[in-house]
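The first chain written gets the first letter, and so on, giving A, B, C and D; residue counts start at 1 in each chain.
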Amino acid sequence: MLVRAIRRDDLDALLLLARSTGVGVTTLPANEERLLRRIEASLAAQAAEPKPEHSSFVFVLEDTRQQGRVVGICAIEGAVGLTEPWYNYRVGVSVHASRELGVYRKLDTLFLTNDLTGSAELCSLFLHPDWRHSNNGSLLSKSRFLFMAEFPERFERRVIAEMRGVSDATGMSPFWEALGRHFFKMEFSEADYLTGIGQKSFIAELMPQHPVYTAFLSEAARAVIGRVHDNTRPALAMLEGEGFRYNGYVDIFDAGPTIECELGDIRAVRDSRLFTTVTANSPTEGRLWLVSNRRLADFRVALTHSEPIDGQLPLSPTVLANLGCESGASVRAVPLSAATAI
Amino acid sequence: MLVRAIRRDDLDALLLLARSTGVGVTTLPANEERLLRRIEASLAAQAAEPKPEHSSFVFVLEDTRQQGRVVGICAIEGAVGLTEPWYNYRVGVSVHASRELGVYRKLDTLFLTNDLTGSAELCSLFLHPDWRHSNNGSLLSKSRFLFMAEFPERFERRVIAEMRGVSDATGMSPFWEALGRHFFKMEFSEADYLTGIGQKSFIAELMPQHPVYTAFLSEAARAVIGRVHDNTRPALAMLEGEGFRYNGYVDIFDAGPTIECELGDIRAVRDSRLFTTVTANSPTEGRLWLVSNRRLADFRVALTHSEPIDGQLPLSPTVLANLGCESGASVRAVPLSAATAI
Amino acid sequence: MFVFRPSRLSDLPAIEKLAQESPVGVTSLPPDRDTLFRKIQASLDSLAADVSFHGEESYFFVLEQVERSELVGVAGIVASAGFNEPFYSYRNETLIHASPGLAIHNRIHALSLCHDLTGNTLLASFFIRKPYAFTRQSDLLSRSRFLFMANWPERFADTVVSEMLGATRLDGSSPFWDSVGRVFFGIDYQTAEHYCGVNGRKFISEMMPQHPIYVPLLSDEAQEAMGQVNPDSAVSFDVLIREGFEAENYIDIFDGGPTLHAATRAIRTIAQSRLATVRRGHGGGLPYLIANRSVEEFRCLVVEAEPLGDAVNLSAAALDALGVSDGATVRIAPL
Amino acid sequence: MFVFRPSRLSDLPAIEKLAQESPVGVTSLPPDRDTLFRKIQASLDSLAADVSFHGEESYFFVLEQVERSELVGVAGIVASAGFNEPFYSYRNETLIHASPGLAIHNRIHALSLCHDLTGNTLLASFFIRKPYAFTRQSDLLSRSRFLFMANWPERFADTVVSEMLGATRLDGSSPFWDSVGRVFFGIDYQTAEHYCGVNGRKFISEMMPQHPIYVPLLSDEAQEAMGQVNPDSAVSFDVLIREGFEAENYIDIFDGGPTLHAATRAIRTIAQSRLATVRRGHGGGLPYLIANRSVEEFRCLVVEAEPLGDAVNLSAAALDALGVSDGATVRIAPL
């Protein structure tokens, strides 16, 4: 398995992949024109001046044992909300108390904000269901941290990730039914699709502009504010393990949490180190490591067992080949997880 | 020097101390009745069921070489805002953009919130100017973390500290002049005093209830939002070193930052360990350690050089006496700072 | 003959009896002797005062069946609503949320806590005994206040408001309160009304929402209750709507009943009123409200009359009841 | 003799000349032939349409000096302001911030972006040549519209509004814009006005503040500019205030000029207007506005007349100018 920077000829494979996604992955709609734009943007970002506003990098996961079949995708934006407003609800608290009456009420409120404007964003993560095993998800998701560690000047300090909120098997979101539907007069899936294809101006036009007291929402809606979809729990746990935290920002449609971490505080960024590779003649052993080749345009990340010896990281000839490296090349690597057994 | 739980007979010394404070330490006004109430509350908290809502602990710093003269004070609240609303401004972002016009504006906004309701609070820190040396400030402030580490069930997870905002030598706050004055029609010092003595209902009555665009404030006011008074920089640096961070909450009067940390993430809490004491016959050497006697009502913390040996902490007979401990007693200790040279 | 006149201290026992008959919830007419005494005294003081701009005056009138010396109703005017504390209402705002791109054009209603109506003149304490509801007498009791206001405009604001009781369930609970007020107060409607009566409305600023409430998020029952008039306010509502009051913009923050408002000079009775000179003569003709021009001895009645130019003929009995003599100036308006 | 009548396509050259004379900033009267042509055509279509409820109609009138066949002014009516897009204003709200404990009672003003005035009838495109400002002719040009409205109330809303140009500096910049609008748009006043004219007002929802703006936080210059009337709107303002329009509640979001409003039926000319039967005879008496009852051939003039009961005598010239004959019904109101 190998994560690598996206290429122009990935388009067909991506369309195939996109068609297997469900509602909820708003950033990977099965829209050829839009996918093509994303590929071009990623290629352009490689050539651009290294500034967050130019960064829009897409990576794919290929199965090296199946002729490089593309089975996953992920992306990073250097800074969101710089051309169109970036919306979140922030869950706040409003206290109503009268000493005279001896009454005290603490109410949750939803404030429509653009607070996360200018954050870097982890996005578009999707892995084909048949490949959801053997740490493929972790490899795909965390490979991005090695890229960010390598090219920090291309990303804003605050890094966010939007987690899919709660919806049922039919795609019905309790939060949407209680709030969004009253203002948008459309189905959740439609709103989700419009956002996915970048038609966001309707949000400002139709959203409630005043804070909303959650007490006026259904119990079902209140219960899912800041909670993730069952399928997203592993992804959430993984990012929490990397240091991401929920600070009260939720999606305006399904109230899924947006989690945050400072770039330098992400474990895989902070703990990543440079090593010189050395060819291992026998199968490598030890912890699982994410290993990147440190290149911008031809960026690649592999997952392999290894243990560094004196600043050198032994890698099998296959892994070296996958990374496009010779023995003696410099790589950036980090253990896949902050295992407590380190 | 010794930090210890406050006693009833400290009242006169406290009044003397309070009269030497300036504007800005709103929680230590020179008001006898109120100081008495705080002492009683602290004594009552020791006896109360161990719940955050009952916790209001006050500690004093005494100079053991000057007959135990009281030269400093500090306190912890288990949970704020449970009887009266707790106000902060939250600095948010509002983006105004029109693709059609090619215009993009990012504006800061101040939202009046009660978001920090229910947080534990570090408060009332004051050290007599003549004793601001020899780590007395660190001892006084950080002694609280050993208390919280010892009795975590008495404090909410989120711990906050309000930092004094910018004002000039005459007590003039640029933020107050630009905002508060229009709504309160009084001097900053008066508002500050009213809050200090617990007369907070006027805030709800007079404050702007709608979000305020900072663009309408003077440049001087905008410049001090989230910034501390020069005199408070060392205190801020000290708490930042313990893990506290500014997350956009500021004081409604002077816009000084309120900083936060999870209880378990505070360095002095997380890194504190239990040791058995052993009497050192020669002067102890090594790093500076905060050492507490682990008692609730007779809580004491001393600062001393030492290095643990096999789970035992060597302490001089004087330090042991100050802590009210015998050799062989169990103490909780942590290095005074997360020195990089550890 | 029924005569509308200011209340006197000697009316106290009769007014107390009326207050006992009046429905619970008319908080401005509690069956409490002390309160009623203060109301009458405040009214006497206000009538005696030399007023050049409306302030904290309040006026309290009765409708008397003269032959039987029997009081059948009361009605009050508060010169400035919320003189000592803000007069709160919800403003029912219409927000337009339109997306031309998606061809969506939504009108969203939201309730904003406001004190827009503070300082306006408030019609209050209206109660008439059952048999006289929806008769000439209920019109006389309600509308005589407008002739009084037309006589002394400097004593009143440019806008007049009046609160109608909102819908309640059979058990006296309020569907609007349960969906809205309870969220912020955590107490039931009767308790809130009680606090309000005892402690004044000051605590509202502490407890009520700073942010608008989106109506589509409220329960259906609460949405239906918005602007509904309680049967106990039906007489008042009927008269005031005919007088041109508007009911759309404001509702009560407790029970959601409408707060009516009208520009003072546009109130039908006031706009159509004019001064006329009385001549003793035969009555007869169309029914008119006719009032004298006295402050403290104000009187108003319904009389059939045929005004001709600036003159109006009244019977001796009517002149007597008004306390005026031949040649005096009166104010008249068609009933 | 000056006659108020609907514009015709043949007026286009003369109207274009007037538009060139009109001050910049009267965005509803740009000196652009295409725009003016469309205005006239829209007016002709609206007059010809069978209207039972006011919609997207607009009416465009001229004032003609008949003997010289010279146009001296134009005036328009938009039946429903913001028919296709919200009509934005700032509502000038008074918030009461009171602390009884501290004996503080503050009135704080705040500007809230609103579309309260959407759907009301809008008086627009008013311009009269300098020599006729503040004369009978300017009254005729402005107020004839009210007789037209009184004739056909179903064509208009219950409330009428009109935007006055706000204060500008000598260089044409706007102190209100510089303190408020520029904060949100980041562009200057003229550019904003230009966008507004070209792209419509849709972008306002994207750019303008969702939250109220506290007036005490604005610069002194901006606070002074709030509600101030530009000299270019002085004639309009003078007439409308005399007609009973209110100026306190709404201001323009760009330049802070007041947006006047009045209940349609309470506008003085409308309230005082009545129908009368014309008789050919001698003129003379007090000046009246007199209009015929035609839609497409509407005419209005100022004539000295002495209405007696339901009849009014007019000279043959006046009858001619109105296009009516002896015995026809006209609508009259005191000038």
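FYI, a contact is a pair of C-beta atoms (placed from the backbone, for glycine too) under 8 Å apart; a residue touches a chain by one contact, two chains touch by 3 or more.
As the structure is a prediction and not an experimental result, all values here were calculated from the model.
Student: Using C-alpha centroids, which chain lies at the maximum separation from chain C?
Tutor: The chain farthest from chain C, judged by C-alpha centres, is A.
Student: Could you compare the number of C-beta pairs in contact for A-D with that for B-D and name the larger?
Tutor: Pair with more contacting C-beta pairs, A-D versus B-D: B-D.
Student: Hey, how far is the Cα centre of chain B from the one of chain C, in Å?
Tutor: Here the centre of chain C sits 55 Å away from the centre of chain B.
Student: State, to the nearest whole Å, the distance from the C-alpha centre of chain B to the C-alpha centre of chain D.
Tutor: About 62 Å, centre to centre.
Student: How many Å are there between the centre of chain A and the centre of chain B, using C-alpha atoms for each centre?
Tutor: 37
Student: Please set out, as single numbers or ranges, the residues of chain A touching at least two other chains.
Tutor: As it turns out, chain A has residues touching two or more other chains at 94, 96-97, 104, 201, 205, 209-210.
Student: Mind pulling the chain D residues that touch 2 or more other chains?
Tutor: In chain D, the residues touching two or more other chains are 95, 98, 202, 205-206, 210.
Student: Touching residues of chain A toward chain C in the complex: what are they?
Tutor: These residues of chain A touch chain C: 94, 96-98, 100-101, 103-105, 107, 109, 178-179, 182-186, 194, 199, 201-202, 205-213, 215-217.
Student: Show which residues of chain C lie in contact with chain A when the two form their complex.
Tutor: Against chain A, chain C makes touches at 95, 97-102, 104, 106, 108, 110, 183-187, 195, 199, 202-203, 206-214, 216-218.
Student: Tell me, which parts of chain B touch chain C in their complex?
Tutor: Touching chain C: residues 112, 201, 204-205, 209-210 of chain B.
Student: Which stretch or stretches of chain D touch chain A in the complex?
Tutor: The touching residues are 205-206, 210.
Student: Which part of chain C faces chain D closely enough to touch in the complex?
Tutor: Interface residues on the chain C side: 85-86, 93, 95-96, 98, 100, 114-116, 118, 202, 205, 263, 266.
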